[in-house]
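Dropping the structures in below, format is structure tokens.
Each of the next two complexes has chain A plus one other chain: chain B in the first, chain C in the second.
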Partner chain A sequence: MSTLTEAAVESAVRELTYAEAIREALAIAMEADERVFLFGEDVGVYGGAFGVSGDLVHRFGTERVIDTPISELGIAGAAVGAAITGMKPVLEIQFSDFVTLAMEQIVNQAAKIRFMFGGKAKVPMVVRLPGGSGTGAAAQHSQSLEAWFAHVPGLKVIQPSSPHDAKGMLLSAIDDPNPVLIFEHKLLYKTKGHVPEGDYRVPIGKAAVRREGRDLTIVGSSIMAVRTAAAAQKLAEEGIDAEVIDLRSLRPIDFDTIAASVRKTHRLMVVYEGVKTMGIGAEISAMIAESDAFDFLDAPIVRLGGAEVPLPYNPVLEKAAVPQEEDILAAARRLARGDA
Partner chain B sequence: MKADTDTSARRPNQRPELAAIDDETMRGVLRKMHLIRKFEEAAEASYMRGLIHGTMHLSIGQEASAVGATLALMDEDYILSTHRGHGHCIAKGAEPARMFAEFFGKENGYCRGRGGSMHIADVDGGNLGANGIVGGGLPIAVGVGMSIKAQKLDRVAVVFFGDGASNEGAFHEALNMASIWKLPILFVCENNKYGMSMDIGRAMAVPNVADRAVAYAMPGVVVDGNDLPAVAAVAREAAERARAGGGPTLIECKTYRLRGHSKSDRNLYRTKEEIEEWRSRCPIRRLEAELTAHERFTPEALMTIEEAAQAEIDAALDFAKASPDPDPKDLTRDVYAD
Partner chain C sequence: MPVEVILPKVDMDMETGSIEAWKVAEGDAVKQGDILFEIGTNKAVMEVEAPASGIIRNLVPASGEPIAVGTPVAWIFQEGEEAGAAAAPSARAPSRSLTPGEVAQPGGPPSSSVTPPAPTPSPQGGGETVARTANGQPASAKSDGIRATPLARRTARLNGIAIDEVSGSGPRGRITEKDVLAHLAKAHPPAPAPVAARAPAEAPTEGELVPFGPVRRIIASRLSESMRVAPHFYMTAQMDMSALQALLKRVGPRIEKMTGVKPSLTVLLARVVAGILPRHPMLNASVEGDAARLHAAVNIGIAMERDGDLVVPVLRGAEGKTLAELTRDFRRLREAVVSRSIQPADMRGGTFTLSNLGMFGVDSFTAIINQPESAILAVGRTVDTPVGRHGEIVLRPMATFSLSSDHRIVDGVTAARFMADLREAIEYPEVLL
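Moving on, here comes the complex of A and B:
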């Protein structure tokens, strides 16, 4: 203990919000590499709809923190064009729902250019997407569309759950020579956590085991990893020993970590905010069913996903539409006790 | 630089657009126009004989806009092309042999056979790709323009698109951004009267695509797209303005595709008479006639250029046919960069 310098102690306890962590990553990347720039609707003096870009325009100027017209398709295409000609754009889509207007450029162009051109181009762009429900923003401002993009070869899709990972994964994403979509849950922006100073990386494509356990495996990412970790704490008090996996990346997915856990716990539950059917839960379940880990299962897999409904406005309905901590607890109890 | 044998200056009665293109350059222009025409005729014949699969969109009749709009470009300048992009690709300097190889799906094609006719790109040559999505290149051009500006490069980007593409939302978003940020872009609309079967008169309420430039406070110029010197003059001026920081220009080349939209077109939406009338305005023959009238080239000299282009295409086709197919074990290669 006495060997720790004061600065190191400070750094070890330093806490930032998720939004601050992202801003810090952007600042580090822009400081280190002139090719990096941030653009999007109201990212300049306004500081971003969720305050993520904050004061960056004052630090880096309007040439590198660029306010754009309300043109989601256009700005997504501009990111592609800048990326294939030597820049490293970071694009903010104000609410992830609006990415529906930019699907063309992300899915048809960004994801496919390298392949279609026979490997002759790179598309090093990052798209930041504030998403998820819980803010009363209703059906067109609350969706979780990440699974759509995880279906597209050529894209990478990440969903960090903590300030620490948000910073480290965004830095990895900016460095990645491929298009990376980072889904940032709006409810996480104000959550605080330890964030080291300086540049560090959290790799894309690696899940994190947040809690080791023997009785069941619960997989989630983004805010569901947070809710799952909290639920696991309570389950432990009840004598249920849950292993918690924070998926972090959807594409590429770290299936090995999930399979290894299932071989150990023999029970699997997947928790995600996106609509339950045809989503992340289906994919992970199918991957298990196709693998030798299937033989280790002692109970059917449980998918805990969003309800089959557009996100409602009323706060009670809104909560009911996506898995909450109580839902995770109840489902985990049923699964662990064998009455799933 | 004009060669000693250059006769262009000695012909006083030429219009300035024609006189502006010296003989050496004109030889290159004619070569490229013939290469495009013959590339596409050979592509069509290969398709008819069942040698290739997939689809293709021929630009026969539109050669002047492709070659004219790119004449003022340097190697390091960029173009973005369309589904009807063979002409743009050749005009920017691509090798027909590697284009044919791509068309045939071969490993040594420009895109290793992964792209085909609709996605030919020659990134090293500044061609950032044909595009299967109507209007797809327009927003990408904005990013290219941002990139040029941010890196303080002395470059311009030419983005080709059709009359049909100008009805996409992408058109509006792209032109607006290019204008507010004064980006060095030439928006070159090849208005061939139809988007597939849809007549422009039924698809848009203004008579000219260029009229829309008003909405973006950028110059909008209508030019006879089958008149190579005229297209080249308009594009040169726009490129100079773009390089000088004057921002983008919308250029509308009025032209016509003599072939159907793609392989399945039965021409039910247009008349034989209309097609024949436009055939008589063939941009290549028109240019040749003007050049011989001004005695800048003899018919024999022109024939030599055309024959050389044919020989180049024949050799290119042989190259493609003899090229290796991709190996299926490489199927998932190049989805991601390392």
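Moving on, here comes the complex of A and C:
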């Protein structure tokens, strides 16, 4: 047996919160490349609305951690311009809901420029978007709009579920010559997990099988991957063996991993926080239905998505509007037992 | 398309119900919301309304017999669609009312397994005998209108079964893979029991049906899976236990003083096996795709019984532990098993399993590998046996060891070398020092 050095032992057990992991990734990228800079409302002295940028302004100065005016369209446009001219901006949209104001720059400009200029221009920008419900922030501060952007060729959309992946995927995103949107669930910021020291990458576009199982496949990303994994533990105690796929990336989507799992388990459930209709679940279901994995389905595909309402402020209704662990458990039981 | 009328689930835990009386007759015109029939559950009798307007066809007779929830019990046709479209449902409806194991109702149509797959013309077709659908498409024996999952259809296709011969057990009579496999098993029974063949008139006595608990369900699925994925082969050897018996006698009291419990033969065997396993990496390994994962630690699972279920707690890091430490670990695990407080973590991560049934007087047996491990050692009782030693017949305490190995990564010679090493360590435990 090899003897671990003390430092390696410490690194192996080191835990950070999701927010700390993102901050560490930002610091690593800023140390390594002076073109990387942060940009957004209250990311400087205030440390970010969710404390993600923290003390970075003290470490890197106000030239590289820039507080901006409240104008999402303006700051997104500035980020696109900076990216085209050789910088690597990391933009924070304070609440992902506010990205609606920046759609023109992200969808019509950032996503298109590399294509329309035949590859002569690149847009290496990252947009960080705190999203999701569960904080009592009501209908305009709680949405999950990631599917909107996953619809746009030219963008990459990622949704890490763990501190480990948040750091590794953000570093991959900053490396990427294309615009990458990283949707960070607000409820995940304080969750802790093992995060290795130093620079490492988690590839964009590769799902992770969090639990292998035989009875059904449950696909989710971000906080839904966390809830699904917890539900799968309980299902196992009931004798239901669920395979859990953490999607991690919506565009590009790792269809092969899902299809391989469906060929094995014959049952598929997709769990996502965004509104159920016209969402991620529709896409994954249709991909399976179009592929040869269709022939391996032994039950209708189940989508578990957000309710068809603007997210309520009332905390009971807010919870009821989004799949919770109990909902995943109940739906998985029905699917596994053949009642779906 | 005709609308099917199913036997609805009107009670939380209801699985079957009965039709007590029809309030409409074959061929009646009904409006959505009209009362169609009375459904009986084990608690009450309730009325069931028509899900659509149209003409009632192919209703299942009111027999009072149990019918599975979701079974179509009638069809509601629109004007003009009855002739051709009626063929498929009428051919199928009777088969739906039969749950597996049930016989055809008296006077009713024969069970689906003996029904020829040819489409049956509608009994209500009147003068119309040409099997054509309303839109003029010829109605073929194609499986249109049959609820079956893609996997069920695929499995049926691969086995040359017409999907309309299969009875569905899913919601609304949906055919799943399970139903196709059950149909296959019925069509090709593995081995007909001669007793049943000789006395076909006598109905089999129904014994008690004990549903699987969660643990039994896992055991059933994991062991079936193991036999399916791992080509097992078996190797047996008798070994002289006198040295181990002497060792237990000598160190037993000392270890009891240290740990408060006497070391058992099972724990001693775990110690011996853990001592030699590092020299036999393929027997302390797991198949992962196209590779063998060689485990660094030796975690010995010990098969135990609890309330009729099999549980396998794990002695972790056994290669680096003394007999006293393993005895202490084992006591903790056994107490946790008995008090049902064993944690999943204590049953995970095994790399090799030991199953000892010697205390039941079993001479020898073979075991199924506990996936994803690559081998399991089954131990029989130790019994004084005449053996030849130096040209004389002497009595020695012998025990039979049977090794089951996964031939994907363990070859005969690999297993034989392990057995030779095991014999050496059992008969001369000093070699482990």
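Keep in mind that, in the parts below, the second predicted complex is superposed on the first by the 338 of 340 C-alpha atoms of A that agree within 3 Å, B and C clash if a C-alpha of one lies under 4 Å from a C-alpha of the other, contacts with A are read in each partner's own complex, and residues count from 1 in each chain.
One rule holds in what follows: a contact is a pair of C-beta atoms (placed from the backbone, for glycine too) under 8 Å apart; a residue touches a chain by one contact, two chains touch by 3 or more.
Remember, it's a predicted structure, so these values are computed and weren't measured experimentally.
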**Request:** Consider chain A as the common anchor and indicate whether chain B and chain C clash or fit when overlaid.
**Result:** fit
**Prompt:** Now for A:256: first (chain B), second (chain C), both, or neither, which partner does it touch?
**Reply:** neither
**Message:** With both complexes superposed on chain A, which partner does A:241 reach: first (chain B), second (chain C), both or neither?
**Reply:** second
**Request:** Mind telling me which of the two, chain B or chain C, contacts the most residues of chain A?
**Result:** B
**Asked** Touch check for A:154: first (chain B), second (chain C), both, or neither?
**Response** first
**Request:** Figure out whether A:298 sits in contact with chain B (first) or chain C (second), or with both, or with neither.
**Result:** second
**Complete:** With chain A overlaid, the minimum CA to CA distance between chain B and chain C in angstrom is 31
**Prompt:** Is there a shared patch on chain A that both chain B and chain C touch, and which residues make it up?
**Reply:** none
**Complete:** As the complex stands, chain C meets chain A at residues 149-154, 169-171, 176-178, 212-215, 217-218, 221, 225, 296, 344
**Request:** Using the touch definition up top, name the residues of chain B that touch chain A in the complex.
**Result:** 78, 80, 109-115, 119, 121, 123-124, 128-129, 131-133, 136, 138-148, 150-151, 169-170, 173-174, 176-177, 180, 332-338
**Message:** Under the definition above, what is the set of chain A residues touching chain B in their complex?
**Reply:** 35, 37, 63, 68-69, 71, 73-87, 89, 104-105, 108-109, 113-124, 153-154, 156, 177-178
**Message:** With touch defined as at the start, can you tell me which chain A residues reach chain C in the complex?
**Reply:** 1, 214, 236-239, 241, 266, 294-300, 338-340
